[in-house]
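Alright, structures below, take your time with them.
In the two complexes below, chain A is the common chain; its partner is chain B in one and chain C in the other.
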Partner chain A sequence: MDNQGLTIQQIQKQLTNKKISAEELFRETLEKIREQEHKIGAFLCITEEEVLRKGRALDQKIQKGASLGNLEGALYSVKDNIMVKGQKCTCGSDMLKDFIAPYDGESILEINKAGGISLGKTNLDEFAMGSSTEHSAFKVTRNPRDYKLVAGGSSGGAAAAVAAGFGQFSIGSDTGGSIRQPAAFCGVLGIKPTYGLVSRLGLVSFAPSMDQIGILSGNVRDMARVLEEIQGPEFSKDYTLIKRKPTSYYRELADFEEDRKSRGEKLLQGITIGIPKEFFEIPMEKDVESAMDLTMEAFKVQGAELVSVSLPHFRYSLSAYHVLTMVEAVSNLARYDGIAYGNQAPKAESITELIEKSRGQGFGEEVKRRLVLGNHILGREKTSLMKAKRVQELLKRDFQKVFEGADLIFTPTTNTTAFKPGKKSKNPMDMQRLDELTVAASLTGLPAVSVPCQEPGKLPVGGQLIANYFNESELLQGALSLETALVQQRRDQKEER
Partner chain B sequence: MESFERNEIKNLCRQSGLRLKNKEITKLQGDLKELSGYLEKLEDIQVPEVYEAIEEGYWMHKNKTPLRKDRVEDFEEKELLRKNAPKRNKNYITVPKVIK
Partner chain C sequence: MNYQTIIGLEIHVELTTSSKIFCGCKNDASGKPNENICPTCMGYPGTLPRLNEKVVDYAVKAALALDCTVRNNTHMDRKHYFYPDLPKGYQITQATKPLGINGKLYLEKADKTIGIQRIHMEEDTGKMMHRKESTEIDYNRSGVPLIEIVTAPDISDETELLEFLEELKNLLAFLEISDLKMEEGSLRCDLNINVVDRDRGIKTPVMEVKNLNSFKGAVRAALYEEERLQEALMRDKELLKETRGWDQKKGKTVTLRKKEDSEEYQYFIEPEILPLQLSDRKIQNAYSRLRELPQRRRNRFKKQYGLPDYDVRILTKNPYVADFFEQALLTCYAPKRISNWIMTQLLSEMDRGLEGFQDLALKPGDFGKLIALMEKGKISKKIGEKILKEILKTGEAPEKILKNRNLGPITDEEEIKEIVQDLLERHPKALEDYGKKPEKTLRFFMGKGMEKTNGRLDPEKLKESLVSALSPRDTDK
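So, the complex of A and B:
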């Protein structure tokens, strides 16, 4: 029986109807990993024995007739910059290659409480700095859709794991597009929730004013289930905005569908989608352009009204993003001195030499480049830092104006499809331009999701939906409608042929 | 586009707490020249427009993140923390001598 590609709800049905045991199901996934992982390189560690032990425990629970938690039966993976107690947390860096996490990240605790079982830790660009997972100290992650290509980054391992069917979802982090961009390259969904919705406790900081934990999954329904579990409030350390009642995203998604069906309405009837002209002025690959045209057509078929909108300060967003994140990285990575933890240089005469050598040897090229540039920005007389902070404010204003007349905003997630390793990494500017379309939602803290929308038979392309603060329900409804519309569109095209 | 002297890069490395090899410094000279070019784009922003935005105070949302209480909390897994130290002596982390 092929159990790959099932939603969590379908898996739970199979398990409770005793069509398959959890142990059998998990063995299938582990077997798949054994067959394909050497070609992909999604994982930095796999906890096989623990998965099987937990699978057997789940089978016993089902035998006893106990009810299942929201994520029971689901396997997931964790980006290796998020702490899982007792496991290595390397951040893809030689600096932390032997670091053992002393506690669990808040989102990991919540997922485990709901019954999710971790398969292991996934590869990433060092300290989440990069857009192709080529900057991992350990290996390059390949794209499961085409092994010759990169998986994107920095959550490249997470996106590749979901695309290859290694579990139902993956937990990643997104500072400037690190979930959405690899999701687009690998043909899966990736959400960066509103900044402050999900606790960052246990996420190793890169630029904490923008770092956000999010989800990569194969379908919108699973994404809603997981988001429901990891959303705040989280009272222990105040890493979320606590003045907020939790939302039942999964229930609301089901109600939305049911409601539209019962009224005989199209899924996006009455919904206005803003198309920001500045995003579409950036040159795009032909495949991305045609996927965008088809997607906008699909929106219209589902009843949405498309309106052209403007975000005038978008053109400064990439510069502002890099100024702010590099400066934050300078202070957040200052803690890696090779004394209390992390790489320690073997021969040093003084404490200064120890710190400089430990950092020089422990950090990779991209991290060092950003730290040096961050210090350069901090030392400039005509400082760019205040201007970048101001761009952030102006951009928030631009978005709020757009949301006065639009429910959602639609853009491409990236202007290219996945590329071969080495194509962009030689020139740091080329690599940083890959974030051009995702950083605006990061700077403003708005929730955004990348939805696969490529034409059949072509390389994956992602379409990005952005909603207003804490409107994740609307965002997921938009993503589900797009998912449904594109399936319908492909079916119609097939019939026409 | 700004250009960077070797000594300037060495200074920035010192500020960054990094000891780099000569070839790394050469590479950084080129990279930084290119990267600083697009940071200059921010200079185009008109200052009055900028002040207006700050004065209006466009906050992300009305729910501000509350400040947590500044309190000391006991961490139960101290041994797990100590295990990560590269050099230790019983319950202490060993550091190189600062004063000779």
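So, the complex of A and C:
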């Protein structure tokens, strides 16, 4: 039986109907990993024994007829910059290659509480700095859609794992596009929620004013289900959260669909989607361009109204993003001195030398490059820091203006498709430009999701939807509509042929 | 020659909140090494600080007590430097917007006001312990809450320095926000000193002196530096700005490091802690909760109770003593007598001196009652002392002790007569002397009588009874 592509709800149905046991189901996934992982390299560690043990426990629970938690039966993976107690948390860095997490991240606790079972930790660019997972100290993750290509980054392992069917979803982190961009390259969904919706406790900081934990999944419904679990609770002293009432994303999504159907309305009837012209002025690969055209057609077919909008300060966003994040990185990576934990240089004459050598050996080139630049900005270019903050404010205003007339904003997630390793890593500027279309949502803290929208048979392309703060429900509705529309479109095209 | 010494202080005070400043760890640096630590105060990846509100309360209290303006809006900053006892590679402190600014502290003896430039909150670092072959780090102190108090360079000599330190310690003790043990590092003080040659209009660079672990050390270090800097001026010796350490054993300061231009700490706003907002109302509330400050209380004690300076100093040194004094007055308004009894009888009974007042078994009301018993002549001073000892042990009320322990005055005429008769029989020789030396003999019997009854006899009544017992012998003659 092929269980590839089932939603969590469908899996739970199979389990409770005893069509398959959890242990069998999990063995299928582990078998798939055994067959393909050596070609992909999504994981840094896999907890096979634990998965099977938990699978057997779940089977017993089902035998007893107990009701299932929201994520029970689902396997997931965790980006290796998020703490899972008792497991290594390397951040893809030699600096932390032997570091064992002494506690669980908040979102991991929530997922485990809902019954999700972790397969292991996924590969990433060192300390989440990079856009292709080529900057991992351990290995390059390959794209499951084409092993010759990169999976994107920094959550490359997470996107590859979901694309290869290694579990139902993956938890990643997104500072400037690190979930959305690899999701686009691998043809899966990736959401960066509103800054402050999901707790950051247990996520290793890179640039905490923009770091956000998010989800990669194979379908919108699973995404809604997981987001419902990891959103911050209403009453919490966790100040990485912005206080609000929790939302039932999964139910709201089902209600939305039900509602539209029962009224015989198209899914996006009455919805206005803003198309920001500045985003589309960035040169795009042909495949991306044609995918965008098709997607916009699909939106219209679903009843949406498309309007051209403008975000005048968009063009400064990439520079502002890099200035701000590099400066924050200098501070947040200062703790890796090799004293209490992490890589410690074996020989040193003095304390200063010990710290210098431990850091020199522990960090890779990309991290060092950003730390040097960050230090330079802090020391000599303070004005650019001020300017970057100003851009951030102006961009927030730009978006608010657009949201006065539009419910959602649509852009490409990236202007290219996945590329071969080495193509961009030689020139840091080429690599940075991969984030050009994703950093605006990071600078503003707005929620954004990347949805696969390539033409059939072509390399994956991601379309990015951006919503106003805490409008994740609308965002997911948009994503679901697009998912549905594209399936419909493909079916129609097949029929035409 | 016209030299002027200029001294400013940076004082670090460890706050005695129950938990650390950014995590739930017990705020106790003295435990077994690395006993009170967690991933947060160890600066582990993925952890985030959470500001302890109690720390803010304590800091606001100190700022208000030092007459500072408390800011409505402030935030925490990161101060970056690498050092093994600093686990995050930065210290969370307040650089650009300290909680309190523009305060002052008045020195009575010097009749001078010392400016307080700023008070801010920050976290303490771990502690390095250098062994023969290795260096060990104890992180118990990492994340212990501190306030740093920075004075203006207003202190001109060692007497002002000492008075300031004592006055400040007095004030902080009063606020009960720190245990202020210099030898254990919960009160630390750094000295900034330079000397100006007024005649020639030149001055030395500022020297920072660290490792001052007592007030005496601070004064000695100041004197040493003053002399060293004056000499340098005299000989036109070029000096560099330095951080120096006080070597207590050698009685001198030594170079720790020379300062090139100001250190680059790359301060920036701590993004993980929300900006701190203190409304005027909140600050006003904190102010009204603040008890009467020692200086104001001293002035009031002088005026209201007419007490001498010496008494006032001792009574107001510790807020509990001053409170005790005033509460005792409510039961028995005899300021000088109560003051005397606190300073002599009460303090001599207490092992820990003034410090012990906080957990005294003796209630101020009972103390007042005890003094009242003496004021009214119901008991002698000696009995009073005995009862006091009893109360300190048992916490019982003075009347009860008086009754139960047979310490009450003997008033019964018959009983007194019996005692007198007994006395006369025991000392026949003295009795014979009465005719020759009546005054001396009477005094002798009086003494014996008081001794025998532990002072429970009223001296007047005893004398009366003695005189009448002795008189019949006169008529016999």
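By our rule, the second predicted complex is superposed on the first by the 487 of 497 C-alpha atoms of A that agree within 3 Å, B and C clash if a C-alpha of one lies under 4 Å from a C-alpha of the other, contacts with A are read in each partner's own complex, and residues count from 1 in each chain.
As a working rule, contacts are C-beta pairs under 8 Å (C-beta built on N, C-alpha and C of every residue); 3 or more make two chains touch, one makes a residue touch a chain.
The shown structure was predicted, so the numbers you read here are calculated from the model rather than taken from an experiment.
Asker: Once chain A of both complexes is superposed, is A:205 in touch with chain B (first), chain C (second), both, or neither?
Answerer: second
Asker: Applying the document's definition of touch, where does A:57 land relative to chain B and chain C: first, second, both, or neither?
Answerer: neither
Asker: With both complexes superposed on chain A, which partner does A:341 reach: first (chain B), second (chain C), both or neither?
Answerer: both
Asker: Name the contact category of A:307: first (chain B only), second (chain C only), both, or neither.
Answerer: A:307 contacts neither chain B nor chain C.
Asker: Between chain B and chain C, whom does A:469 touch in the aligned arrangement: first, second, both, or neither?
Answerer: Once the two structures are laid over each other on A, A:469 reaches chain B alone.
Asker: A:387 in the overlay: touching chain B, chain C, both, or neither? Say first, second, both or neither.
Answerer: So A:387 only meets chain B here.
Asker: Is A:82 contacted by the first partner chain B, the second partner chain C, both or neither?
Answerer: Touch status of A:82: second partner only.
Asker: By the touch definition at the top of the document, which applies to A:66: first (chain B), second (chain C), both, or neither?
Answerer: Neither partner.
Asker: Looking at A:331, would you say it contacts chain B, chain C, both, or neither? Reply first, second, both or neither.
Answerer: The answer is second: A:331 touches chain C but not chain B.
Asker: Across the two complexes, what residues of chain A are contacted by chain B and by chain C?
Answerer: 99, 102-103, 237, 330, 334, 337, 339-341, 351, 355, 375, 379
Asker: Flag every residue of chain A that touches chain B in the complex, lowest number first.
Answerer: Those residues of chain A that touch chain B are 85-86, 98-100, 102-103, 194-196, 237-238, 241-244, 315-316, 318-320, 322-323, 330, 334, 337-344, 348-351, 353-357, 359-360, 363, 365, 368-369, 371-377, 379, 382, 384, 387-388, 390-391, 393-394, 396-397, 400, 427-429, 432, 444-445, 469-470.
Asker: Taking the touch rule as given, give the residues of chain B at its contact with chain A in the complex, in rising order.
Answerer: Where chain B meets chain A, its residues are 9, 12-21, 24, 27-28, 31-32, 34-36, 38-45, 49-50, 53-54, 56-61, 63-68, 75, 77, 80-81, 83-87, 93, 95-98.
Asker: Taking the complex as given, what residues does chain C use to touch chain A?
Answerer: Within the complex, chain C contacts chain A at residues 39, 42-48, 50, 78, 80, 82-84, 87-90, 137, 139, 264, 266, 268, 271-274.
Asker: State the interface residues of chain A toward chain C in the complex, per the touch definition above.
Answerer: Contacts found on chain A: 82-83, 89, 91, 96, 99, 101-103, 105, 200-205, 208-209, 237, 239-240, 327-328, 330-331, 333-337, 339-341, 351-352, 355, 375, 378-379.
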